Each structure stands twice: as structure tokens, then as C-alpha cells.
Amino acid sequence: MSSLLKLEKLSFSYGDLRVLWDVDLEVHPGEIVTVVGSNGAGKSTTLRNISRLVKPEAGTLTFDGHDLTRLESHQVVGLGVIQVPEGRRIFPEMTVLENLRMGSYVKATRADRERNVARAFSLFPRLEERQKQLGGTMSGGEQQMLAIARGLMGNPRLLLLDEPSLGLSPLFVKNIFDIIKEINRQGVTILLVEQNVFQSLRIAHRAYVLETGRVVLTGAGEQLLKDDHIKKAYLGM
Amino acid sequence: MIIFVQSLLSGILVGGVYALIGIGLTIIFGVMRVINFAHGDLLMLGMYLTYFFFASMGIDPFLSIVLTAPVMFVLGAFLQKVFINRVLNALPQNQILLTIGLGLVMSNTVMLLFTSDYRILTTSYSSSALHVAGISISTPLLLSFAITVAITAFLYWFLLKTDTGQAIRATAQDRDAAQLMGIDVKRMSVLATGMGTALAATAGALISPTYYIFPQVGSSFTLKAFVVVVLGGMGSIVGATLGGVVVGATESLAAVYISSGLKELVVFVLFLLVLLFRPAGLLGKSRM
Amino acid sequence: MRPALPPMLRAPRGAAVLPLLLFAAALAALGFLPLWMTSPYALHVMVLIFLAVIQGESWNVLGGYTGQYSVGHAAYFGIGAYATMMLLQYHHLAPWWGVWVSVAVAVGLGVVIGSITFRLRGPYFVLASIAVAEIIRLIALNWTDVTNGAEGILLSDIPPLTIGGRLITDFMSKVPFYYVGLALAAMTIAVNWGVQHSKLGYYFQAIREDQDAAHSLGISLTFYKNVALAISAFFTAASGAFYALYVGFVDPSTVLTVDTSVQIVLICIIGGIGTILGPVVGALVLVPLSEALRSNVIADGLFQLGVSENSRTGQFLKENLAHAHVLIYGVLVVVVILFMPEGVLGFVKGLRRRFAGKAALPAKGEA
Amino acid sequence: MAAPILEIDRVYKFFGGLAANADVSFSMEPGTILGLIGPNGAGKTTLFNCITGYYPPSRGEVRFEGRRMNGLQPDKVCKLGMARTWQKVRPLAKMTVLDNVMVGALARTNSLREARRAALEQLHVVRLEHKEDHLAGGLPIGERKKLEVARVLATQPRLLLLDEIMGGLNPAESEEIIQLILELKKTGRTQMVIEHDMKAIMRISDRIVVLNSGEKLAEGLPAEIVNNKDVITAYLGDSLE
């Protein structure tokens, strides 16, 4: 199977603080791939490199035959690589509906706007009730729904999800993971970055474990779930 | 009572133009987090362009806005690309000094070309006034207010309802998130500076029939623009609109009830008080 | 990497002998200069340079070392100028007494303003400093009974300075102003040196580098910012008094405008802020440049080089170059911010390092 | 049992309506190391800020050596003997390494000579004396972290609060910091450490406090914490078997 996204020997530093060391990572069409690791392991940084919010020091990034290192952020979005950033990053002074509209800012996706809004509302009925509310006034969980819905507005071929469960109540966390599975079932390839190791490994086809900027383990999700190394890495047991 | 209503009213009318100046400054600040200290000088350039169109081609100052605004938009876009864009990540002090320097260049170039003489643009209606119920309102002021309202309404529509306008607001609210929506934030910065510049110049055109035109006129408007914007909360367009009206009305009332020489002083004291006690502006935290 | 020297071989800190000798030598040379340089115009230019040095070094304490970018120093300059003039003209208090009153007023006001505005940071502090200076200007403009408003105050004459009945000077020529200016300039340089080599300097710079970190290291931000402002206001006011007496006239539009504040900042920016030498370099660049433009030296030079004096260009140059000095300031600021944000000094240091081929060496800077 | 050096007594901190810390209480004994852990956004740094005077707690009390600290400014807190480092290091970039540490030392003396001596001593403790002439902004991250420790030590704190002092370091550098923390403990200094490296925190801490969404989730010896079900859930997510 050919890969949709491929990172080879990706290295990145903030100033002189090296955050990623030779990261290799692949996502195949239709997969859910998860990257787990503790705080500061470099998970978000990996996604920010893919979205070109930051520029890598070395290594290659390819999406569907395109060399991402030659592109600007907004061009990457144009290819259908859409990131739902950590901390939601909702536009606080815009309504729910306006936030969704921004999700289909890219010209090619504007034609599908109505259909995508309808899809978002069917996935998240809560958003339909709140469509006139300002993004900044919503609860964390609602904002997370909006952030994901906003990401879907751009007809993603690859959805990058950065810590979607962070700061949510346990009940809601389960909800979010169900929705991620559902989105994937509808045909969207997903690269998921998570601290919630159990849940994300459970839904992932494959997983990478990142430790201080290096991939230390990779394999099928279910298989890693049974691995002792995971527990050790997280709790020092 | 009549005096109060009269001065409040003319204050609000002038405040409309202040609002326009403030909105321009706040859009530039909102998108790039750069405080434009050359804002008043851009307004001054707008005044001179208007004067030029009037004196050499006989075009009415209010009509010439359709020429002045696009020309100044291009100038603003140029300033962003060539100068401001390079200091986006510099210390705020350096950003401030850069725009101060640009302002000095503008005002002194104009001085070299046109001397520092005061110029007056007199239209047929410059000194006419409308009388209603014992209150008289200057015609040019009324006209300029009407145009201001129209422009502001258009601006609100543009920023709230169009994709490009929303993209500008999105960039101001969260630059990274905007990029993740596929918004070209560099382009938005150029656009915002162009718009801010065009708005300042439009304000200059609007006041040219009622103010003296001279190269140094900008600095007092720069200061006024800061007051307007800080009152409303940096980066808030609604805030700048309100701030403009508040400053206009305060000035006008202070001129009548305290002394016309001290009207600006009252405004600056108000400014300091807001800076110190409500640093987020009168409306509280709010963005574009 | 530079190998670390063993401790005994390192020069003891605070005893930089060579700069001290150079400073003394320059001072001595400047002291004797008026003996053979008698042209009033040359003396005038020197006085202006001294004035710029005093202004720049004074601002440097607050803006350069402490990182508090005041763009409102016209307030202190103007207060120094106005108070000295009013005391002399209306109350016949000799300037060498009056200046103490005026600096006291400036320092007192500065500390009051500082206590209020120092909690603002970054651009907000800049805006507040401008607003305060504007308020002072508007007061001077409108409090006509005391300040004579927009007309300003014209000095009739300065009383002769006598000590024990012996006449020291009658202030009739530019020479006494030359020496007063030189003394003040030397003093402000010394003050900067003193700041740099004391606890104050360490604390000021810590505040400039990172206010929160400084705060956590036991530094009271408001107190030390106020100390910096007091020193800065003291000498800025003194420079204002010096200027007013030298020119013999003050009005709000020459000593209290935003332009005055900006020019004070420029002296430091162009030379390099936060260094002792920066304001001196800035003054040496700015004053001769603007004088050359003002006195048409440049236009004359162009005519000598073959530009026809009677052509349209020639006429234009002759009429306008004299007014171009502020334009040149503007161009200089833009160029300096874009291409040498550390000022001329930093730029030269960078060049030197590049030629010496050790560009990346993070060695100790001189300031 | 010695009197506690630090007592956190039912501390709350609200931002707007949001509680970043809620009803947090614990205390520290002199000479011990306390590890403060919790997932992202648990309120650890907020608590540091409440303790060191950057924010006043909204409710509750912070007592240091029996003295109520609420409302004291950070400079006062430092002078009283409690000092902190920063999660994101804050070197005084355009000053030299030695000058950075001297700024800390000047909290206890007015003499530059004395401050210089004290600073060199602390640079020796963190093994940075060979870099004293370098600009702080040019140091690599590991050395900047050490500089931060030296600078804080120079203010002669009895209680040291270290915020993610090992973040971004490679294993060798982390090990050096761990050794440093253990050495400081031997000299009798009390330390509170926020850290994400679990192996490290379990090794050095005498006690551990776990925060989760602003509240104290657990407190105890390292061995107890590792086996605490709530803690595992907070870190790895709900296993939902």
C-alpha cells in the first residue's frame, strides 16, 4: 500500500533546543494513525511541521506526491491536509457558524459549504443549537466539537488532530473518540496525537510512540496496548 | 441646554471622523500587532492628495475620495511589504521607531515639496450651515459624517459578511489558526495595512474642507488615533467606533465648558486614566 | 571557542584603565580647544553636540539600560528649560540656582508620573509617556499667566557669574556655554559609567532583559525604574536649562513637542542604545549632519562639484536642503532599524567581528 | 517532626470563572524534595505563581516559615528566602553568564566584589565557571538551565521551586541536573520540583503531590503514587475496561 503522508528523517529545533530527531512516520490512506508520548515528546511539533507552521531543520515531508517543504501553510491546507490544533484555537469573536465558514475558506471547498455545514450539524447536533453563539463563550467540550467540525469543513483528505481530548471531562472524552472513529469510517484518513494513551491506541490502526523527540516504538494499536514499555514510559514503573 | 446639545452633536459628528482614523489604526494593529505611529502622516497625505485634486482639477473633496482611497491603499500595501513586514517579530520599540521614522519621512518630504505653509481648501459649502430647532450644524461636517457612516457600514459588512473580511478578522484573532484554515496571512497583512492607510487618508479627505492643511498636521492626529483606539480596546473595531465618538464628544464639550485650549488636555487625561485603570479599553476585552 | 583565562590573568573588573585614560585625554583636548578654535560657528556646533550628548546620555539611563522607552522626554527637557527661564526672567533668580529648582521639579514630577505609568509595559508605556509630555505641553501653552503661552519667554540677559566679588564670566560669548556644555556632557558620561559599574546598572539591565525574571530575583521593579527615571529626568532637565539659557528663548513648540522627544531617542538609537559611547556617536552623526544641511554646506558642495546653481535643481537644492534635516532623521531611523538595529556602534562591532572571522563567538560585549 | 517550611492552605485561583487551582492544600518539611506532577493544564505553574507572588491566590493562604505570603510581590518573596526558576528559561540574554548570577547575588549584598565572589561560587556549583564570560543568550539549552539554577541559588533561598528544569534536555544533561538537585538536598535546601520525566521525579522526590484539573488528586510517597489508580487514569486516560 502506498503512503498518503510520509515523513523521513524529520529533524526540528526551536532555536538551539532540539525537539525532533530523525522522525520517520507514514500514514496510509484510510488509516487512523496515532502518535502517543508524554508532554514535550515532540508530538505537536511533528504536526506543526506537517502543517508548515514551523520549518524543519532537515528531512523530507511528502503528501500524495507533493513535497510539503516547498509549500506555505495555506497551500498545504489547499491540498486537503487539515490540522485541528491543540487547545482548539477557535476564533473567539466569531460565531459558531462563522467559525465553520472559515473552515471552508479555501476556494475549492466553498461550493460544498452548505453540505459540509449540514454534515457538521449532524455529527454535532449541539453546534446547530449554538450556531449564533460566539466561539469564545463556549465550554471546552463544545469548542472541541467546533474545532473538529471546522476542520471537516475543508474536505480533508488527511485530518491532523492535536490532543482532541485534552481538558475534557471523562464522559466527553469517550464521545470524542467515538466521533473520530465515525469520521474515519466516512473515509477521512486521520493522524491523531494524544496523551490519552489507552483510548487512542484502542481506535488506532497503527501507532508511534515518541520519546524526547524520537520514535521509540511502532506497531499496531492493539498490540502496543499490551506493551509494558508504554506503562514504563509514562509512570516510570 | 441648547449649547450642550449643540456641542455634543458637533462633537459626535467630528467623532465619526475620529472613529474612521481609529478603525484604520486598529485594523493594522489587529492583524499585525504593530502600532502605526505614522498613521496621522498618512492622514496628512490624504489631505494633500485631496487638496491637489481640488486645486488642480477642481474635484470636490468628498468626491475625490474615490481616487484618494485607492492610491493610498496601494501606498499602504507598499509600506507593509517593504518596511513593516520586516519588523513583525522585532521588539515593539523598534516597530514604533520604524513607523515614527516613516512618518518623519512623509511629513518632511511633503514639507520640501509644498513648504510648510498652511493651505485652506474652500468649497462653496465650506461655511454654510444647517439650522434646526435653534441648533446649527456645519454642512461639511454633516456631509463628512454621512460619508463616514456609509463607509463604516460598508466596512462592517465587508468584515462580517465576506470571506476575505472574515479572513482578516480570523488572522487578527489567531494568526496560527488562520493559517490552518488555508488563509494566506501575509496577504491579509498587506490587505489590512492597505485598508488602514486608505481609511486614514479618507478621514484626511473628509476633514480637508474644515481643517488647515500643513505637513505637520499628522502628529496630533496620530496621538488622537491612539486615544481613540486605546479607549475602545486595541484591535477592536466596535471599540474604535465608540472611542472616536467618545473622544469627539469629550473634546467638544471640554471646549465649551472648560476652555477650547484645554480640550485636548482633557482627552489626554482621559487617555491616561483608561490606560491605567481599564487597559483593555472601555468595552473590556474584545477583538476584531 | 575562546579558552577561559585563569583567574589571575584576567583584568580586574571595573578598572578599565585604557578607556579612562582616553576619556581624560579627550576631555583635556576639548578643554583647550577654544584657545585656538575661536570661530563662533564652530563653537556653536560644539555646543549643540554637547547638548545632544547630554540629552542622549540622560535618556540612555532609562531607555538604554533599563529598557523603558520613553518617547516623552520633552516633558523633562521642557520643564528644565521653562522653570529656569521663568525663575530668571520673572523672579531674577540666577540660573545656577534656578537650575537646581528646575531639576528638582522635573525629578519630582518624573517620579510621580513614573509611579503611575511604570506598571504599563511595552507599547503602552510608550503611549503613556507621549501622553504625559503632551499634557505638559498643553499646560505650558494654555497657562498663559505663568508661561506666557504660545509666545514663550524671551530672556533679557544672564547676570554675570561672580565668586567672592571676582567676575568669572559674563556669558557674552559662546565660550562659557562651551565649557558648561562640556562639563555637563562629561558629567552625564561619568554618570553612565557609574551606573554601569554599580549594582544599579546590574539591576537596570536585568529589568531591561526580562522584567519577570528580574522581579523573581529580588528586584523591586517600580523602585528601580523610578531611580532610573529620576537620574534621567535630572540631567534631561539640566540639558533643558542649558539649552534655554544658550538660545535665550523658550516656547512650547520648540522644547515640548513630540519631535523633541523623538530626537532625543534618535541620538541613542543611531549610536547604539545601552552603551556609554552610543549617544556620543549619535550626537557626532546627527548634529554635524543637520548643521551641514541647515547651513547649505552640502548644497554649496554640490555646486562646486558642477551642479549648476542657477538650474532648477540648483534652485531647489538651495531653497530646500536647509529644511531637509528632519527628513534625513527619518531616513536614518528607518535605515538604522532595518539594517543596524544595534546602532552604528553595534554595526561597526559586527563588521569588525566579521573581518576578524569570528562572527559566531558569543563573547562579552563592552556594555 | 519539624515545623513545615511551606504550607499551602486551601488555595484557589480563578481566572474569570475558571478555577486554575481549587482547594489545594499540602505542606513541606525543611530539607525535603517535593515533586509536583500532573497532566498538561493541571495548574502546576499557576500554583508556582501563587506561591511566589506573581498572582495573589483568590482564596486560601500560602505560608512560608509560618509567615503569610499572600499579596507579597515576587521581589519580597525572593528576599524572604523563596526563589523560583522558569519553565521557559529566562536568561538575561545580553548580559554575561557571570553578570546574570551576580544579579541574583545582589539581592543579598550591595558590593559588586562580594556579589562577584558569590556568583563565581554558584557557577562552580553548577559547573559553568568556564562560561562566565559568555553572553547568556548564546548558551545551549542545557547550560541555560544550569545558569538559571545558579542565578537563583545566588539569592540564597531556603526554599527552591524548580519549574520543569529538565524539560528539553537530553538524558545526560537531565542526569546532571538530577545530581545537582540531590547535591543541593545534601546542603539542606528544600526543593519543590515540577517535572514531566516520571523516572526522574520518582527518583528524587521524598513526597509527590499530583494535581489534575486544578485540584489535588493524590499525595504520598513515590511508590504509593505509581500504584494509585486515579493517577494512572489521569495520565494514561480512562482504561474503561
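When the chains are written out, they are named A, B, C and D in that same order, and each has its own residue count from 1.
Keep this in mind: a residue touches a chain if its C-beta (ideal position, glycine included) is under 8 Å from a C-beta of that chain, and two chains touch if they have at least 3 such contacts.
Because the structure is predicted, anything quoted here is derived from the model rather than measured.
The minimum number of touch steps separating chain B from chain D is 2. Distance from the centre of chain C peaks at A, each centre being the average of the chain's Cα atoms. Separating the centre of chain A from that of chain D, both taken as means of CA atoms, is a distance of 33 Å.
If you average the CA atoms of chain A and of chain B, the two centres end up 42 Å from each other. Chain geometry summary: the mean Cα position of chain C and that of chain D are 43 Å apart. One simple way to say how far apart two chains are is to compare their mean CA positions; for chain A and chain C this gives 55 Å. Within chain B, contacts with two or more other chains are made by no residue at all.
In chain A, no residue touches two or more other chains. Counting partners per residue, chain C has no residue that reaches two or more other chains. Taken pair by pair, the chains that touch are A-B, A-D, B-C, C-D.
Chain contact summary for the complex, chain C toward chain B: residues 69, 71, 116-117, 119-120, 122-124, 126-128, 130-132, 134-135, 138-139, 141-142, 257-259, 262, 265, 269, 320, 323-324, 326-327, 329-334, 337-338, 341. Against chain C, the residues of chain B that register as touching in their complex are 35, 83, 86-87, 90, 92-94, 96-98, 100-106, 108-109, 111-112, 116, 219, 223, 226-227, 230, 259, 261-262, 264-265, 268-269, 271-272, 275-276, 279. In the complex of the two chains, the chain A residues touching chain D come out as 15-17, 19, 38-40, 163, 165-167, 170, 173-174, 194-200, 212, 230-231, 234-237. Across the interface of their complex, chain A is touched by residues 39-41, 140-141, 167-168, 170-171, 196-202, 213, 226, 231-232, 235-240 of chain D.
Contact residues on chain B toward chain A in their complex (touch as defined above): 163, 166-167, 169-170, 173-174, 176-185, 286-288.
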